[in-house]
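Working notes for the structure below.
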Amino acid sequence: MHLLKTLCAFPAPSGEEAGLTQFVLDYVREHGPGWRQPPLVVHDENRLQDCLVLVFGQPRTAVFTHLDSIGFMVRYGRGLVPIGGPETEIGYQLVGEDAQGKIACTLAVTKTEDEDGDETEALGYEFSRAVAPGTSLTFACDFRETDTTVQSCYLDNRLGLWVALKLAETLEHGILAFSCGEEHGGGSVPYLARFIYEQYGVRQALICDITWASEGVRPGQGCAISRRDSAIPRRSYVERIRRLAEAAGVPYQLEVEEHGGSDGRELQRADVAWDWCFVGAPEENVHTPHELVHKADIASMLALYQVLLREL
Amino acid sequence: MHLLKTLCAFPAPSGEEAGLTQFVLDYVREHGPGWRQPPLVVHDENRLQDCLVLVFGQPRTAVFTHLDSIGFMVRYGRGLVPIGGPETEIGYQLVGEDAQGKIACTLAVTKTEDEDGDETEALGYEFSRAVAPGTSLTFACDFRETDTTVQSCYLDNRLGLWVALKLAETLEHGILAFSCGEEHGGGSVPYLARFIYEQYGVRQALICDITWASEGVRPGQGCAISRRDSAIPRRSYVERIRRLAEAAGVPYQLEVEEHGGSDGRELQRADVAWDWCFVGAPEENVHTPHELVHKADIASMLALYQVLLREL
Amino acid sequence: MHLLKTLCAFPAPSGEEAGLTQFVLDYVREHGPGWRQPPLVVHDENRLQDCLVLVFGQPRTAVFTHLDSIGFMVRYGRGLVPIGGPETEIGYQLVGEDAQGKIACTLAVTKTEDEDGDETEALGYEFSRAVAPGTSLTFACDFRETDTTVQSCYLDNRLGLWVALKLAETLEHGILAFSCGEEHGGGSVPYLARFIYEQYGVRQALICDITWASEGVRPGQGCAISRRDSAIPRRSYVERIRRLAEAAGVPYQLEVEEHGGSDGRELQRADVAWDWCFVGAPEENVHTPHELVHKADIASMLALYQVLLREL
């Protein structure tokens, strides 16, 4: 779990993934030659900006894993605006850096008075100095591990990233696509998907991301295969995936949600007929510094991806 | 109206159109050879999934007709989540099927108590047994016909589909495109539109769908030509269509709405410069089991499509 | 400022840009031959509808400027629906034209009583006669100029258009793209962006539009470079732009907003990896007939575009 801890502590809010992309690239260059099937590494800023694509063998299926996280951006004065949809509990520890140096501050609520004397509340920070507008802040990482669980900020989606990198070790045929901007409106999947389709003819996708525990998807009971969230993928594709999971005996839970979304939504809107399905472990305390995932669900998630990349 | 009745009773909520696609395909293969201009039938799951494209002669205009309907999906316990935007009156009859067999149940509201004892209400169903999560349910069809009206669930958009199939009988030049997923966020029009543009160079579209009656679009007064809904098509294209309707003497009503949407919205967002306009009969009791359309408006709709496909 | 005044008075709400497009085309044809580098003019209704593209030299960067404005459309009876997001103060003067002739009317609120006797309020107009449904209305233009400011309806975005046309006079390398529909959901940037990328390989964009003054972006203090609005562009690209502004000594202000959007959002969703950044003067009284911009900010905006098109 050392790698996972490093990934969780790496700041990469939407729009600022470049550092993490470089970290993953270095990791792949170091470890890839020892994998069962060393992949072709596509890192082309002109075509793919800060995304990364790994191509293994003769791919039939692409795994989409987003690199970015939620966070906050300094506005004016002591104000903050969210990046994506973070929970906003007063006192959360935030970190960042501007031209004056490192920042370790605290999430606060600032009250401002308008011309009529009316008070409005807004997100803010408490720190010993003013931080430059436009500076991004992310949760300070407190990585906690027990025999059965891991807990940290940004398991969504550094755990998806970790699973993808573990999957890479034994993968024979498939594509791993590392996307940007997912937490804040997306925008990289359209060109990633186009690139993958045009270069490799692949139209099957799995969304390797983390979902939330619910009354129907319980922590420790297995990775979720999502029948739907706010978007509805084709039933026939989800059913194929369920049957493969059943046949392989990998524990899983079927998710049925009304809300939420993922990179799958952008595949659904693409002008190529992608099939997609969200497959990922459930977590508790979503979008807080205390995201919690059971190790059994991580094992199930990795096993399921290994089966699906082989069989789909 | 026997065909329309069959279409209205055919379950095909968003994401599960495959059965209806096959039905339409069989219908076209049976009847198409006797049409004035037998069409080229494009059914290519790799490129178009469960959509269908019929190409007649030298097409200049494409008619987009969505196959899917609204409905519900079983969540966990006795809960339901909507597919698209159905009305949700307690007591509506719903039908479906899971591994245990046929389902005929009733729409209900379930109350759940959270940890603090607070009650929340959610959509649910009443049935003699639990239904498998992920199962979709649709309105039970009660098709009613008078001398002047038809009434049923899913006139939106099986009536659009019916009009398209009637139009097909005498069509010389044009494309009929049967789309999926319209009721729940869309997603098939982008690849349909790209296919049609790339293969046939067509950039003119009509959206063959059903709208709602209002104080300005009254039942029985003619098919609506929509100046706008939440999206605004180019004025010049809508005006061309109005002039053709006027010249042909086909009764129509001009719709001007702030809300609502159709497959046209996805054409507007495409990276090809499509012109599009919604042309469809108005109905009462939208998205209920009791959608009601006047036969005079169906006749006007079909006549208008015949004129437009000839003249545009 | 005579040109700006003419542009502000030209009616061109979303969907009805054709007249303004022709005006700009005529302007370019008249003045373009005298510019430092006469551009290639692309006006191709089949491919670009009512948009316009000017290509100068060997372009590396495209400037997107929207032609359309907010406004209102007549619904039924005396009702209006908005085009885009106009402010709606009772008494605003509106102008338009239908088959019966010119219209000069007043924005009103109409009250309607439903079957149960409940009153609802809706947008409406007061005029001596009924106006045809589907007719669009725009703010009557009252152009006001002082030594330091200009004030009018539709500085958003006729001022952006004016800056683009001034920029054209000395531009050596770059693309000016005039878009449609921005105020009401967009829709032209996808095909504009595709055309520009496919024909010229350009993937760098600047959004030449007007933003709002705020506690962090003050009138008269310089053009805004936007770090973000509801969409977040890549940090690396925004930082390049800031450094170029700093190096050139052009006054600017960094904008950090949670809400709002521009043509940049559509570039972010494109299936080509565009970099984009919003660069534009701030205004007060946004989306009213009284939009106010300081001349110092206009000068800063033009100077900044001249630097960026040379250096990016």
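Here the chain labels run A, B and C in written order, and each chain numbers its own residues starting at 1.
In this text, a contact is a pair of C-beta atoms (placed from the backbone, for glycine too) under 8 Å apart; a residue touches a chain by one contact, two chains touch by 3 or more.
In UniProt terms the chains read A, B, C = M20/M25/M40 family metallo-hydrolase.
Computed from a predicted structure; not experimentally measured.
Enquirer: For the sequence-identical pair subunit B and subunit C, determine the rotation angle of the Cα superposition and round it to the nearest 5 degrees.
Expert: 120
Enquirer: Between subunit B and subunit A, is it the same set of residue numbers doing the touching on each side, over half shared, or a different set?
Expert: Mostly different residues.
Enquirer: Can you compute the centre-to-centre distance for subunit A and subunit B, using the mean CA position of each chain? Integer Å is fine.
Expert: That gives a centre separation of 35 Å.
Enquirer: Which residue numbers or ranges of subunit B touch two or more of the other chains?
Expert: Expected reply: 270-271.
Enquirer: Could you pull out which subunit A residues touch subunit C in their complex?
Expert: Counting only subunit A, the residues touching subunit C are 14-16, 18, 46-50, 73-77, 81-83, 133-134, 136, 181, 184-188, 190-191, 193-194, 266, 270-271.
Enquirer: Which positions of subunit B touch subunit C when the two form their complex?
Expert: 203, 214-216, 227-228, 230-236, 238, 254, 256-258, 265, 268-273, 275
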